[in-house]
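There are two complexes below, and they share chain A, which is joined by chain B in the first and by chain C in the second.
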Partner chain A sequence: MTNMPRKVAIVGGNRTPFARSNTAYRRASNQDLLTAALDGLIARFGLAGKRLGQVTAGAVMKHSRDFNLTRESVLATALDPATPGIDIQMACGTGLEAATTVANKIALGQIDAGVAGGSDTTSDAPIAVNEGLRRVLLDLGAAKTAAQRAKALAGLRPGHISPVLPATDEPRTGLSMGEHMARTALAFDVTRAEQDAIAAASHQKLAAAYERGFFDDLITPYLGLTQDNNLRPDSNAEKLAGLRTVFGDPETATMTAGNSTPLTDGASTVLLASTEWAEEHNLDPLAWFVDAETAAVDFVHGDEGLLMAPTHAVPRLLARHDLGLDDFDRVEIHEAFAATVACTLKAWESDTYCRDTLGLDGALGSIDPEKINVNGSSLAAGHPFAATGGRILAATAKELNELKQREGGTRRALISICAAGGQGVAAIVEA
Partner chain B sequence: MTDTYTQFVNSGFGRSLAKQLGLPAPVPLRRHTKGGPLCDGPVAVIGEGEHVSDIVQLLLDHGIDTSTDAETYGGVVFDMSDARSPRDLAHMRENGADIVKRLGRNARIVVVGTDPDLLDAPAEVATQRALDGFVRSLAKELRSGATANLVYAPVEHNRPAVRSAVEFFLSGRSAFVDGQHVRLDENTPGVNLSADEPLAGKVAVVTGAARGIGAAIVEVLARDGATVVGVDVPAAQDALAKVVNRARGTSLALDVTAPDAGERILQHCHKRHGGFDIVVHNAGITRDKLFVNMSAEKWDQVMAVNLESILQLNEVFLGDEGLGTDGRVICLSSQSGFAGNRGQTNYSATKAGVIGLVDTTADIAADRGITVNAVAPGLIETEMTGRMPFATREVARRLSSLQQGGDPVDVAEAIAWLAQPASGAITGQTLRVCGQNFIGA
Partner chain C sequence: MGDLTVLPEPPSLPREFARALLTFGRDGVDGEIPGTLVQTTTTVDRDRLMDHQRLCGFKVNDTLPPTYPHLLGFPLQVHLMGSADFPLPMLGMVHVSNEITVHRELHVDDELTLQVGAEAMRPHAKGVTVDLVAAVTVAGELAWESRSTYLHRCTPPSDAEDPDPVEAAMPEPPAVPAGPAAAVWKLPADLGRRYAGVAGDINPIHLHPWTAKAMGFPRAIAHGMWTYSRTLAALGADGIGTSRVWFRKPVLLPGRVALHVAEDHRTAALASPKDPDRIHLVLTHQAL
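After this line comes the complex of A and B, so read on.
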């Protein structure tokens, strides 16, 4: 145990194509999806029969039976069954947080190689019984005598029949994520046109990446789908301008189904390893996982927006490495909504926001739009919550690697992902 | 594809009904199993040629009885390599007919001759050439999964090569090879380092590996000890992942028609597996249409994948950074390449082209110890043949000596054998794996 911490290589990744809810993966469970994503990764990197330090993954919409989702998925693959599987959950930050956990263990020398991943399906979503019925059933289970059982059953009401469907509403505010975003967008004066431009660009850039074969070694088809079925290569600002708004006060609303991510199903994985492990296995790292920072904001009582935590995480992460926004060749800002990207950029460009809210001396800076989400992001690809981190991390590593091979020098990328509950994760990747 | 008829005639009622009506009676073929016997029962060795003692030794090494007074036989080997006049051929009838009568299920007949192309006198050439007609006819007379094949040895003795070929034709690996011959040249072949894993230490590339015959090739090469790289188009990666994960190999997503395909395959093999020894050009497509209705697209696609890609890849694989000594190039031809097939002018052209390609490429690669061969499947039960019309498929199945379609593994076994170091004396040939299909024979 010398020379700590060790460098962490991003060896490569694999994901399923992402499918809009209730389409191609309607009958696939989280375990099916995660297993499929792992299978492709194992084949690409020759991991069959190999024992990895751990596989860490998670799902946001999760059945109670999937308490060991990752471990069960590992057992369904060709990996050595002695590979541990660990479940984690941090809403939309799950995938990147999983990568951080695995990377840290590698850096500390606790493991040599591991997989980070995530899966989500809103098609095969868990449906829970009504809270009243649940209470009755629990009482029934606890009853010891016939009389107690009868009493428990007497508590049944016709209304109990309606199940509890999963929702993306924030438990503490009762507002949907979209409603929260709409408030922040309004506060930052984000226009409809700005958002539609971001959405159209996302589709066009993702389509171009497919076109040049960028995803050939990042995606493995699944259930007949060979690419993300939310992608609209012919999307443009005019078409998007025709959509009606769905979130916020109709008077000021700017957000539509076109500039918000749809519910999506899919899974992603990333292979991380120490330099030595990668060398031993004849694998060239794409890039290095340098560091990560999580943040959370008080969106319940405070003034901060629900999805603004990454704006806090990034300056802290940059300060730790003495870097500025100018030092990055690529920036990935998860497009939960087009407005998320716009608000994040405006926040960093604002002297007032950076001084008053982030406690900085002044504006963090601006980012050349040419460097942002260069291969498209969630608006086009879709956003299976826990799978987004892996999608972004693997694609970013490959993008940086290509950039380095083309232009040389050290190449650096910043990743920013917002999550429900007012949380966020940011990471630095280097090639 | 389930062959319901074969299942039926192997049931009690089905068997007696088929017998009474004189219907074809295909039997489940004996296929290779690890640790299984070379043949089911004693094998008689007939003849006075130079190979007899080696063949007896081969059988003894496999624990096979070679006595000539058994009730039923698992096989018979005729060494006719020294036959130089037509009169010598009678030896087979005199000493072999009675044994052939007593062959059991899935028995094997192997005839060892001398390559007539290496002889000069008309009588000698005629005598050895006669063996080919003899074997083809005898194969058609055999029943119950038994096969007959011919090994043409060089005049200069090549003992390890003969041993390897006789072993293959006796074994379950050649289950669907019937009525065929291979020619052995004078080059001393390499040595299989392990009997159980003859391909141990080899790195093999299989194109079109995601399904059907390609998937079976991956499986068999891996079973025989090779590290296998499965190549297929990006859209087939899900199926490919399952195949290579079972084989503990690696997948490579690329289109064999891409200009950089050869370089990328080489790079992957050298970087990831530290070598590159065997390539199986299996990727192939059909785009059937009558010639008069054939679109340019259908014609061009089939040419590009089935033929042009092989030529282009071989340029790279036979280059300086490519295959080394004892390298193996194995292509997939097809019965259509011999016989033609209505609606398949494009496909048959490519598959016949492959036969020519291996013939010539073998000469180019010879001085580097690389062999180049093809395997030509007949009707093989795959997803692709499963889409044939019912009646057409049923007729195609019965129109062979073995009266059934082959399994993808049968094609894979022939390929795995050609890939062995011990098969180094075979090059420039196309081996049919067709159960002696009557079409194009």
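After this line comes the complex of A and C, so read on.
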């Protein structure tokens, strides 16, 4: 156990195309999606019959029967059945947090290779019985005498028939994520035009990436889809400007269905390994997973925005490596909403925010827009919550690898992903 | 081989069933199997494929499970068996064995040319058997083949020279894998109806206890093709290769069956969990 920690290679990735809710994957479960993404990864990197250190993945909208979602998916694939499967969950941060866990184990020499991933479907969503009925059924199960059973059944009410659908509302505030974002967008004076420009660029850049074949070795077609069906290559700011606002006070609202991510279904996976393992298997790493930082903010009682945790994670991560925003060739900021990207950038550019909220000496800095989300992001691709981290990590590794081959030198990327619950994950990737 | 009948589209199964019912009482065990080949071209319905994959335990994806083309060829089989010159009645035929070879994986978007014929009527200890053979070609290339052996129960033909020729079409089944069950499956009462809904095989023996009783079974029985598919899926045997299945005692619904798998994962059997000697099927799979 010398030379620890070890470097962690990002060997490659595979995902399903992403599908808008209730379209191509309407009848696919999380396990179907995750298995399909793993199958493609196994085929791409010749992993059939191999025992990996672990596969760590998760789903946000998860059915209770899927407690072992990842393990069950592993067992459905050609991987050696002795490969452990571990479920984790951190809302939209699930995928990148999964990669961090796997990468750390590789770095520590606990495992040599592993897969990080995530899957989500809002089409095949878990529907639960309502709380009243659940209570009656639990009491019924606990009842020992006929009288107790009768008493439990007497608690049944007509209203119990209505099921509980999963929602993306924050349990502690009762506000939807969009409503939270609208508050932050207003606080940072983010305009409608700024958001629509980000959304249009996302579609155009994703379309261009497809056009040049960038996703050919990152995506495997599934259930009739060969590319993300939310993508609108002809999207532009004029068209987006015509949409009505959906979140926030109608007087000041700027957020629309066009500059917010739609509910989406899909799954993604990333293969991580030690240098030695990659060499032994004749696989050339795309890039290296350097480090990651997880953060959370008090959005309930404090005055920080729900989706602002990555703005806290990034400066801590940069300080650890003595890096500034200028040191990055590419920056990926998950487009939960176009406003998320705008607020994050404005926060880092603000002396006041960086000093008062982040405790820095002054503004963290600004980022050249040409470096941000260069191959499109969630506004265009869609955002199956737990699958977004894997999508971004694999694409970023490939983008850096191409950049390095084109221009040489060490190339570095920063990834920032916000998550429900006031959480966020950031990571550094190098090629 | 004899004439080739090309149908512009797959025949409608209910109509073919109705026609085949008229063959009831037919008992031409001394007759000739017509050499006719029936051919049609078809595409795969994604929803139906997904229903099949889920019901049989295969992965839900764009690749056809090895047993799926059987379901597409089934209306052609019924068409053939219902034709005027087919000597045996379709109703009451028992599926005794099957062999399927996948030469290349079939994709949901492939245009499949299906060809079905009947051959090799042979005497059997309990009657006569006939083989329904099917093949799928894609763009002229042979992709999939199947041989289904059905038994018509009757007094065996008097001139039966070979006392037990059923196995002649297939090798002898291997020994049932020893040891404890790898899995025990609970099969619901409506499994036959659900599989019939997907496969179209609405033979009354599968649908309901009452209709099954009328046909001489104590309860409804699972489709042989479902038990075959479910066992293949459990082995992960969903790719290129040859599988053979020998059907033994029917699986009564609802019920529980135990899966036994040999160490090499190439042989499996379904048996009663309570009585391991009561075998439902023996299956072998050889990947290519």
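What to note about this one:
Assume the second predicted complex is superposed on the first by the 431 of 431 C-alpha atoms of A that agree within 3 Å, B and C clash if a C-alpha of one lies under 4 Å from a C-alpha of the other, contacts with A are read in each partner's own complex, and residues count from 1 in each chain.
Assume a contact is a pair of C-beta atoms (placed from the backbone, for glycine too) under 8 Å apart; a residue touches a chain by one contact, two chains touch by 3 or more.
As the structure is a prediction and not an experimental result, all values here were calculated from the model.
After superposition on chain A, the partners chain B and chain C are seen to clash. In the superposition on chain A, A:35 makes contact with chain C only, not with chain B.
By the touch criterion stated above, A:226 is placed in contact with chain B alone, chain C being left untouched. Using the contact criterion defined above for the overlaid structures, shared-chain residue A:27 touches chain C, although it does not reach chain B. In the superposition on chain A, no contact is made by A:110 with either chain B or chain C.
Once the two complexes are laid over each other on the shared chain, residue contacts for A:252 go to neither chain B nor chain C. Using the contact criterion defined above for the overlaid structures, shared-chain residue A:76 touches chain C, although it does not reach chain B. Shared-chain residue A:410: touches no atom of chain B or chain C.
Of the two partner chains, chain B is the only one that A:43 touches; chain C does not reach it. Superposed model on chain A: among 41-49, 311-319, 383-391 or 419-427, the stretch of chain B in collision with chain C is 383-391, the rest showing no clash. On chain A, the patch touched by chain B and the patch touched by chain C overlap at residues 36, 39, 78, 221-222. Those residues of chain C lying in contact with chain A across their complex are 46-47, 50, 59-62, 108-109, 236.
Every residue of chain B that touches chain A in the complex is listed here, in rising order: 230, 234-238, 240-242, 244-251, 253-254, 271-274.
The residues of chain A lying in touch with chain C in their complex are 27-29, 32, 35-36, 39, 76, 78, 221-224. Of all residues in chain A, those touching chain B in their complex are 36, 39-40, 42-46, 48-49, 77-78, 213, 215-217, 219-222, 226, 282-284.
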